[in-house]
Each structure stands twice: as structure tokens, then as C-alpha cells.
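Residue numbering begins at 1 within each chain, and the chains themselves are lettered A, B, C, D and E in the order written.
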């Protein structure tokens, strides 16, 4: 064998260690000449992006980074001119079309593309789903069927709130760490965030989104919680319905520990429109420059996005598999059959859309501003219409400022 | 307010395992200046602090003006105190320092609060009145010019006077002073002694004054109380205590250099044998197996080797300390006993040490103070009583100073 | 009369100066390296549009400073910082003073109290943040449960823009109070016992009069020191915001320092962040100076 | 026999203790939850936050899980190395400087002191970026050096020790010069030993600050093996996945406890140090 | 090492605008104990600190044992110093305190370092040797039992002895002491005086001793130097300076209470008129328009109102301070001039103050010291010379103590 190649791999979300460690172990068993060394995890995709940018300035990039889908565009645009990121298209092509077809759906591959070129291999993917407390729902005489539409959800939540023992629901759009839930509202209403250089959610999709979030507050008395707090409350049995990432299925189950019945349902059908959903998660990119390292890195990427790798990822979190083979019964088929709650998200693959990232480095700043406006709308400090106008204005201004 | 008398009965104080005061009985007479004198650590300050109410006695009672003060907090005892450290309020001007006690005693709670106080009726007038009183007293203490300074800008003597001013301004019925002069230098100390006494006379406030400096006690007190080891050993007029100590410890403590103590053995027939010579003994000596014979340095007589044959012993001069107006001769008797003699006035002028340093020494037996084995003074021989009369004359002179 | 040779005299003074320099040299070097030079760089950056990772950047003169004036979030951050300081500092100083006065008279429990109240100052905040987040939970937090039991309405401590900042400031006070208490205890120990005795005889019992007329004025220098250090610490509050609210809800807890952090490390706008930093330093310096000058007039040593 | 009336004193003491205990309870509230939670299974945590845990034995399990989930021991060791090393170096720099400022005459002394005082006000966030870039260009990131070096100069230590050293009698220093001590020996053998309480006070401040610092390690540390305790706790804290509170709180206790212990040990000296330096 | 002599020539020191020393010339003789005496702030400590090398003079030279010490650092001057505050190393035991100077002078740099030092060859033996020397000296100073204590556990007198021990252990050629006794209490102070002198005699080390306590200077010094305001006013044997002050300031400074100063006007024919009576005048008085006549309190004679007609003035007794062995009478002459008289020994025993407090006072003109307008002593009348002879006798006595 050749000399051992060591790959520095950077991932985000410390808790994902749960599946990253087994992935590396399994891979190294298969490839004794490649050593995977994880760097300390970044706290979030945003922090990770910052870390990568800083490392780029000082020339200390890791070999592999799992970039949030929403930052992928910006990452490529920054690193490509410096020659510090590897294009994966040729590598995929070299593996042959059959292999490709057997493993990856086009919708999935598209998540790792920027301007039509493949830069990342989708590693994790999630869509928002509805978690509900079966006991609470039953106590007010509702069933999971009611959760298929927003009106149904609002009705059920209102009843739970009125019962006094718990809060009806939480859709923490304004307190989320990023704009994922917000994009879900827009995409689900058939809209998109930007089209070309102009803000695209100023119309019908935006209107239905902002009036919906206001309704959630006025009609269900939804509490203002951030993600952590919402999960805490749900796990404590004091929240009827929680809408969040499918990646939390596993932890939610652990935290509840059988105190009450946990159910999941698909993201509600859109009030209007075609009903798309942004895919959260990350794509693995290769930042190594050295050919040997790039080669090794590609091997690693193939492994973690392969059927065995994806099985590990899914069972460690609740993410949807990005590999077609994974759903087969010899990998996850039997598990899924036994745990239908875990499949809710998988059922939403058909409406999955890429998670939009703003141009330039303006994403975080835009979300910080949008968040404030969303809060104002939800609290009734501005009318939904005025709020929407403000959202459009601020988004347009900031997106332009950094272009 | 009337000066008060103080009655202390069976007062004891323990700190943990240490007996600091042991059944002290003491009366302070109305209007007098009483000095508590004793070595460091004998419990003087503790006694004073019990009088002031800072400490509770472990046993015993204290009455001031006939009423027990048990449980009465310091602020309600109507006592003032001058501290060794002066304890002036460092952040207040001299004027404010002196006004404070009057403000506290004359203005009701709301009237003395910073902002509100100035708005209430009558407060301004009351403050003005207090200010005038302070200025009057400051005049008497010769500190008018300092009224607007802070304590840090004063010399020791000036601080001293301010501390006294703050203490007496509200005319307490009892005045306590804990070594108020000890942090001053020698010159200032002797000056302040005179001033303090004059002031106390003028005001007539009963005063308890703590010191371990005998000169201070001797020159200032109406009566001194010698304390040792938590006990009162002797109380009385200063010269009476000096000349007629009732305990060897008192004799040793008073007088610089300390009294010479010679060993003696009662030989019956009214005689005591002391270093091979006989002295007339007080009657009570018969009961003792051995006695101590105290002779003050100024009572030791010296003559040239072959002078005055009435002096019984021969001694070698070890060292002579000359301080100008007097000299101290450190002598060694033939058997090795040390003896100090003070030479002053004519005796000093007459004295010329011999070349070989050998002299004759002795003393008038009437000047000797004889103590029993337990340290208690044995009743003086009749001759000493004559001396006591003379002492009384000195007292009269002192009484005339007021 | 022979004048002593000036060279000889200078030699011994020079020797002392040389020793002084030699001893201070490491500190001087590090001061230059770790404080002065980086600050100069930051100062220089504040006149550019440098953005992290960018290959091209340009001088923009006072542009960044002008931009601050037109940036409502930046101005809001200044306001939030002031609110935070104005809540946390008085709260921790007054509470610390009260605690110190109470603890000072305790004999047996004194050490225990000192430890208890200093505990928050020693605790890793990132750990405590998790606890606070739960305790202050708007719905299931025990504090809200108790409030409900008392008949007080529920408070969304960390998620209501109206309460989030005061809540953070109160947590800041919780962290700071140990330090202020201990410093006040040290100051109180420096007040001579005699002065208290004298005050007792002058008619000031242990209560308000003694405190107002004697204890507080004598504590003057300590109060100044405590207020200045606490203010500086409060200005620099960061951990609690980063761990508990991340500037939210609705930007209501975005303080100046947090804003600087956002600009520099979330938005990569280094030049602008540098300008904000310079402003921030100037504000701290000014604030400390004003306090020292104001208080100096009221301190009597 | 003692007729003193002890009642007011007693009521005062009871009142004061009541207030203190009440406030102490408030201060300790978070710790109580921390301790209780560390003894719970995940499903118990949110239902009855201050109830007694059903099976305190879970604590052991939770601690085990804390050590298993992340290299806890390594974090604690890193914390120890960083705080101890930093303390030594800070003192090594600050002691001579403080001594020179307190006891020697040299040109620029007051300017230096003014700079030191000014530096007290500078939060690390401000000069951080240039320092980061220099460290990176030296390829020194992700090392003990990177964690320690930027804090080696402690203006606070210099300030505190200068105050303390100034109180050291000049006469003793002169006596030592007559005895033939060199300047460094005077400093190390005479002045420093007398400043032990002040050094203890500073040690508490320094250890507290740097054990707990999250900001700087977050930026310079990129490998788990270099993580300090709070950074480790952050890895441990489940960002987007909700929280596994039992082991988390067990870990938190392990991280909070050492500094508390240091404070407990140094408490007497610490308070004395603050009193002696006078802070006036 | 040999005791050294010190030669100070034209020494001046300014601090900013303040002249602290002004052209001081002074010789210290080998082996003597020289006391620098003067009021606070007169520059004594500054002079000492220049000798030690802590300060550089502004002008002038200092030679020790014939060699100029300009530019020589303190550690190389072979001088030891005892400080007023003792300046013991607070964290070292008494033993370590005393060993330190020897360790520093005998062991090279590496050998005295904490850990390394113990490993180097010969260091243990050297340390043991030093330890033995310390124990020997401790025995002489009677502090063997204290060797393992820390300074904080010692009394003032014990600290004092340790400080001396540390200073003399390396047998310096010059020994400087800056008010070493001033922080001790009176009893201990007088005891330590004797011990210090004895020790200095035994070692024979040249010693410069600073004090502002005249008793200390008078009783300890071979010679005293009276300084005022940065200048040397007079130097000489203690009694010579006391009895024959060459300047009114010296006369005023020495003696407690201070010398009485009466106004006088030269009336020609060898006479001076003083408060209506004539005195014989020294020859030099003729040149002055007015003079001061100094009479020490012990030289004032008192008699009952109608006793001794040789006493020219009548005076009222204001106050009598009794201290036991002596009394001070504060008198007021008819014209208001105050006068203090000291009564001791027989004069005290004989004295009985009259009921109305009026007495006759006067003095032997031979005891009067007459100062011109500029404060300089006018050559004494021949009679006073006789007294000087007597003084010399006292000196001999003192010389005999060694």
C-alpha cells in the first residue's frame, strides 16, 4: 500500500458526532491507507462557514467540509477563484453512469450543484415535518388527519391551548437559527426567494406566508420559543404540535422516553400553490489541493454517501437518506417498516427543493433583519401586508449591498 | 448634664479561655479624673470598653449615676470617648466632626437626612445653633482656624484636640479616654497633659483616663488605679500610691528606673537582716519568712569610699547615665546585688566618682518599703508615717492648681 | 567644596533606570505586541472596506463611521448596551453592598456566604446558560410556574423583546454580585473599628445613620473601584448573549460588543466591525473617565 | 448573672441570616437544578424540575456517559494546562513589571502605568482578529501556545501587584541592598513572598476567567484534543438535536467544580489579598 | 574588619527646591558612637542615607576609611544599618534573617539559589558554618530561643535585637542606626539603651546613631552632634553640649522641660539688667543690644516668701507636677514672665508651698547661660568655667564604664 493519507474533516453541529465517528471508523476499516481526522465541530453551518473563510485567509483549510446547502453557493464563489475547492462532476463521470443512476437521484444531486456544476455530495438532508403529541391530540378529540392542512393544525392547536394543560403548537419561524422554516413557508406556497437579482416573495406566496404566521399567533396563542425551548417544551409534554426538522426524530424519541405517544406527520399541504419544501442539511465538499488527498477524499465521499454510510447517518439522526439504495430492505427497509415516524420526511422527497442561499455574504445579515420583521408581524406590531413590504425591501437592499 | 458617678461591682470578663478582668470593684467619683494605670494587656481598655457598652461583661454590674447600664447600647449611655487613634471621621471636616454628635442628639431622624433635612422647618436654625456652639468650643480649644480642614490635614496634637472637642461638645455625663496621648511626641504630650487637665477641671466631667505611662497618671489624675492582670491592685491619690505602694508590683511599676528590691530576713526583735546589716522591721514582718525591701533610686545615698560611715555597704560603680539635670548610677554591691541610685540637684553637684569606682551606699530605713512574701506591703514603721504627712502637703499644692 | 561628579551621580541613577527597564521589558514588549499593535491595526482597518476572505479592499475614509450613524441596528446596539449596563451595574453594586454589610457582621457563616455568593463568578457560563435557559423557559420553566402560583402572569423572559434584555442584565448581575460583594467586604475590613465605636457613642446606632454618615463615605474609594470595574465588565458582556439569545428576540439583546461580533464574524464586514470597535473602546474609556472624575469630587481622602 | 439583654442582637442576627439565606437560595437555584438534573433519566427531566430524583444512582451513569460522549478527561487536562501555564507566565511577566513600577525610578514609568490601566479596558474581542491572523501565519493555531500567548500580559495582574508591592516597606529593600541582594533576588525572595495573598487573589481571577473563556478557544481551537472545558461542553451540548440534559449537566458539574474548588482553597488568602491591596 | 573613620566635607543635599543638608562638615572617629541629634525634619536621616549610599549628595564628599565612596553602591560599602522599623524580612525566620547577610556575602550567586544551591559542593558546609555563627551571636543577644520564630511573632524589643544581630553579624566597618529605639515602649527603651551601648563598646564598630530623643543621645553617645535645619550647630561630649550650649537653639533643644529664657539688656560695666535686677555679664555682651539669659529649671532656686533674701524675684506658683521622685513648679513672675523650676532630692523634701502660693525665686548667676541677639553663646563668665571642670569629672565617670 501507498503511504497513509490523512484527511482533516470539518463538520458542523457537535452532536452529529454520533454518526460521524462510526462513519470514519467503518471507512478506515475498509481503507487502512486513509486516516480520517475530524476537526472540532463547528457550532452551526454559519459558524462553520466563518471558520472556513478564516482558514482560507490564513491558508489552513481542512480537506473536507460539510457545507450547509444554503452556504454552498457562496462558498464556491469565494473558493473557486482561489482554486481551493474541487469540482466533483468529472469524478462522478469517471464512476460511470450506471453507478450514478443506481445510487443518486437527480433531485438529490442537484442539492450539491451551483450554477449547474457539481461541487458537493449531499450527505445529510431533511425536510420540515410535524411532530405531535398523540395523547394531547386525543384528549381534545383530534386525530392525525387534522394535521394535513394548516386549518386543521390551527384548529387542533387552538383546542389544546384552550384545554389549558398545554400550549397548542410552535412554529418558531422567527426564532430559528436560519431562514429554513421561513423558506418552507414561501416554497410551500409555490414561491421562491429570489429570481435572478430581484426578491420574488413579495407576491402571493409571501402574502399567504405572513398572514399564516400571524394567524398562528392570534388563533392558537402560540408561544414565542426558540428551537431549543420548543423541543424542551414538547418533550415535557406541554406542547401539542411542533414543526421542525426530521433530523430530530431520534433525539425527540429519547427525550420523551415513552411518557406520551409521539407521532409525526408530513408538512401541511399548502394553503395555495404547488407545495415545495427546502431541503436542509449539508453537502460534502473537497477543499484539499493535493491530488493524493483529493483522491482519498473522493473515496471517503463515496463511502459516506453510499448505502452503508447513509444508513449510519439516518439511524444516528432521523435525516433522510441521500442514497437510493439505502431505502432497500437490506439497509433500512425493515427499520422503516417498523418505524413509520421515520419515513414521514422521506415521503416528501418529491417536493424537495434546494435550500436557497443569498448571494455574497449577505445571508446571515438578511436573516437577522428578516427575523425582526417576522417577529413584528407575529406580534401584531405591523400588519402582515406592511411587514411583507418591509421584508421585501430589506432583503432587496441587503442582497444588493453585498453584490 | 450632671457629671455622674460610676459604680463597678464584681466585674469580670473572659474572652474564650482568657480571664481579662477578674472581679473588679471600683468607684469613680462624680467630677473626678481617674487614671487607670497598668502594664500593657492588663485589661484597662477592656474595662473602658465595658463602661462604654462596646463589650458585655461576663459577670458583675456597672451602674452610672445610680442606674445599672446592663443592656443599654453605647449610643444611649451619654458617654463620650477619646480614642488612642482619635477615630475622627476622615471624610468630614473638623467642623462636621464636631457637629455630628449634636446633630445626632438634637435633630430627629428625618431632619438629619441629607436632602429632606434641609427642607423641614426649624432644621436650618438648629444647625446654625449647633454651628455656633462648635465655633465657641473650637475657640476654647484653639482650633478655630482648623474648622474647615479634614483630619488628614492636621498634626497629631491638632487631631487630639479635635477628638476631645467632638467628645465633650455634647457635655456627656462620663468621659472616657484610652491612651489619648500615646501617639504624640514627647514635647506635645507634656503640653497636652496640662491642657487636658485644665479642661477637665473647667468642665467638671467625670473622667476615666487609661494610660500605661506613669508620668501621665501621676501628673494628671485626681486618683490613680493601678491594675495588673485583670485585678485592681491599689487605688488612691497619685503621690500616696507612689510613696506608699501597698503591693510590690505597684512599687515596681511606678517610678523610673524601677524601685530597688533587696532581700531581707526578719530576725525577730523588730529587726530585719538585709545583706548583712540590720534594719528596723514593721510589726507585721514577724509572720514572714522572708521579705522584699524596696528602696527608690532617689532614696539611695552615696558617699566616697571613706565618707559617711553611716552607709553600710560598699559598691562598685558600673555605669553612670548622665542626662544633664540628673544622673543614674548603676551600682553593684559586694555580693553582686545590683542597685540603681538617682543623683539630682545638690547631690549631683556634690558627687565626684572616685578613681577606682568604689563607693559607700545605704539608705534611710524610714525610706524603705517592706513587702511580705505574698507581695503585700507590711504596715510601715512609724517613721514612714511622717513622710506621708509631707506627701499630703504636696497634694494640697496640687489641689490649688484649679 | 567639591561638587560630586555629575557622571558618577548619573551612573547610579542610570543603573536603577536600566534595572527598571529590564524588569518591565517583557511586559512592555507584550503590551506593544498584544495590545498596542493590534489596536493600531484595528484602527487602520476601520478606514477600509475589508471583508474577511476578500482579496480586494479599499480605503473608504470615514465611510464606516458615517455608516454607523445611519445604521439603526448599530444605534440600537448602543442603546441596548446602555440599558444592560444601567440595569446590571446598579443591581450588582447595590446588592453587593447590602450583602457585604450583612455578611460582615456574621461570624460563623461568613465564609460559607462568601463562597455561595462568589460561586456564580467562578462558574463556566456556557454551562450555566443551559440551566438558565430552562429555568427561564416561558412555558415550562419553574420560575414561571412559581410566578403562576403567586398569581403573577407568565413572563417570556428570554423570548419577549421587552423582557429579554433586562433578564440578561439580571443574569449579569447574578454573575457580578459575588465580585462586588467580595470587594466591598475587603473595603469594609479597611474601615477602622475605632471609627465605628466612636460613631456608636456619637449616637449613631447600627442602622441607617451610621451607614449614611460613616460607612458609606469611608467606603467611597471602594465604591468607585467597584463601580468602574463592574461597569467595564458589564460593557463587555458577551457570553450570556451568545449563549442565551444570540442577539434576539427581534434584535432586542444585540449589544454593541455582540454587534461587533456579528459584523466581524457572521457578516465578515471587518472594516465596519473595526470602526464599531473603536467606538466601543472610546465609549468605555469615556464612561470610566467620567465616573472617576465625578466620583473623585465626592471622595474625601 | 450577666444581665445583658441579648434579644435585639439575636433578632438582628436572625433577620440578617434570613435575608442572606433567601438570597443565597436565589443564587444557588441554578446549581440545584444542575445537581438534580444530573441525577435524572432523560424522560424525567422536564416533568418535575425540583422534585427529588427517582434514582440518584443515575448520576454515575450520567457521568460515565459524559466521559464517553466526549473526551472529558482531555478537556479537563487542557483546562488545567492552559490555566496553570497561563497563570505562571502571567506572573512571570507581571511580577517584574509591577515591581519596577512600584519600587524603581525610570523614565516613562508613569506613561507605562497609564497604558497598563488603559489596557484594562480593552476586551479581547477588539484586538482579536490581528492576533488571530498573526498566529495563523505562524501556523501556531490550535495549540496550547495559541490558547495561552495572547493573554500572557495581564494588565490586571500588573495593576494589582503594583498596588501590593508599593506597600512593601522601602526600608526592607534597602536593608537587603546593604546585605548584598541583587534586584531580582530582592523581588523574588522578599517582595513576592510578602504578596502571596494578592497573588492568590489574582490567581482566582485568572483561573476563573481563562478556565471559563469560550470566545477565544472557539476561534483558535480546531481539533477536539485541544478543546478547553467550556468548548468541550459546547461540543457536548446538542445544538440542533435537542438536549440530553442528564449527562450534559453531569459534564457541566465536572467543568464548574474545579474552579469552585480553587476558590474554596484560596478563599482566605483571596479575601486577605483584596483587603491588603486596599483597592484604593 | 577594622572600624573605619568617616570624613564628611561640605555635604549638601537638595530635594527639588528644599535644602535638606547645607554644607555639613563632620568627622566620625574610628570606633566611637556618635549621636546625630535634632528635631524632626532636620536632615538626620538624609545624612545617614547618604552615608549608606541610598541617596547621592548634591555636593560635597564622603570618605570612609580615607577613601571617597562617591558612586560606590550600598552593597559594596561594607556598612550595616538598623532601621527605625527594623526592616526584618517578614517571611523569614529569625535564623534566616540573620543568616542572610552572611549567605549573600560568602556564597557565590549559584550557590545561594534555593534548589541548585543545596546540590553544589561545599555549600552545605558553608551554610552550617554560617548557622553556627548565627547561633553564637544569638546567644550574645539572648535571642537563641527565638531563632525559629517569624518576625511577626516577636515583641518590639526582640525584633530590635534581631535587627541588630542581622546588622552586626557580618562585622561591618560602619554601623548606622536610624532611631532604632523609637518604636519601643519606655521601659524597654531604657533597657535597650544599655544593651546597645555595651554591644557597641564590645565590638568597637564605628557607629552613627540618629535620634531625636535627647535622653538617648545623652546617655549613649561618646559624642553628640546637634543638627538643626540641615546644619550642624554643635558637636561634643554629651555633658559638654548640655552644660555649655554654644547656641540658644541647642540650649532650648536639650533638657526637659526646656531651659528658661529671660530677656536681658547689657548695662555696661560688666552688668546685665534682667527684669529689674543686675547680673554680671560676660565680656562679649557689650556688643549686643539685648541678650537672652538661659537658666535650666534645675538651676532655679525657690524659697518661701520671706526666706532667702538673696533671691531677687517674687513669683506665684501656678501648678506643681509631681512625678514622685521630682516635681516641676510652674511659676509666674510679677511681670508675667513664666518660669519652670525643677525640685528633686533634698530640695523637693524641704519644699512646702505656702498657702497663698507666693514664693521668692532666683538663680546663681554662674549657672546662667547668656546668648547674643544672633543666638550665639557669649563667652561664659569665669565662674562658669569652674562648673565646666565639674562637668569633666562626670565625663571621666562615664568613660570608666567600659
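Operating definition for what follows: a contact is a pair of C-beta atoms (placed from the backbone, for glycine too) under 8 Å apart; a residue touches a chain by one contact, two chains touch by 3 or more.
Since this is a predicted model, take the numbers as computed values, not measurements.
Q: Fewest touch steps from subunit B to subunit C?
A: Tracing touching chains, the least step count from subunit B to subunit C comes to 1.
Q: More C-beta contacts across A-D or across A-C?
A: If we tally the contacting C-beta pairs, A-D comes out ahead.
Q: Which chain's C-alpha centroid is most distant from that of subunit E?
A: A
Q: Per the centroid of Cα atoms for each chain, what is the distance between subunit C and subunit E, given in Å?
A: 57
Q: What whole-number Å value describes the gap between the mean CA coordinates of subunit A and subunit E?
A: Taking the average C-alpha coordinate of subunit A and of subunit E, the gap between them is 93 Å.
Q: Multi-chain contacts only, two chains or more: what residues does subunit D have there?
A: Correct list: 46, 234, 237, 243.
Q: Hey, what residues on subunit C touch two or more of the other chains?
A: 13, 134, 140, 301, in rising order.
Q: Of all residues in subunit B, which are in touch with two or more distinct other chains?
A: In subunit B, nothing touches at least two other chains.
Q: What does subunit B use to touch subunit C in their complex?
A: 49, 52-54, 73-75, 77, 79-81, 83-85, 87-92, 100-101, 104-105, 109, 112-114, 150, 152, 166-167
Q: Using the touch definition up top, name the residues of subunit E that touch subunit B in the complex.
A: 40, 185-187, 190, 194, 213-215, 218-219, 238-239, 242-243, 254-257, 296-298, 317-327, 342-347, 349, 352-353, 357, 390, 393-394, 396-398, 400-401
Q: Quick check: in the complex, which residue numbers of subunit A touch subunit D?
A: Those in contact with subunit D are residues 10, 13-17, 37-41, 43-44, 51, 54, 57-60, 62, 177, 227-228, 231-233, 235-238, 245, 247-248, 250-252, 254-259, 317.
Q: Which stretch or stretches of subunit A touch subunit C in the complex?
A: Contacts found on subunit A: 46, 50, 53-54, 56-57, 78, 81-82, 167, 174-175, 177, 223-226, 228-229, 232-233, 236, 238-239, 361-362, 364-365, 368-369, 371-372, 375-376.
Q: Which of the residues in subunit D end up touching subunit A in this complex?
A: Residues 41-43, 45-47, 69-70, 132-133, 136-137, 139, 141, 218-219, 221-224, 226-227, 231, 234-244.
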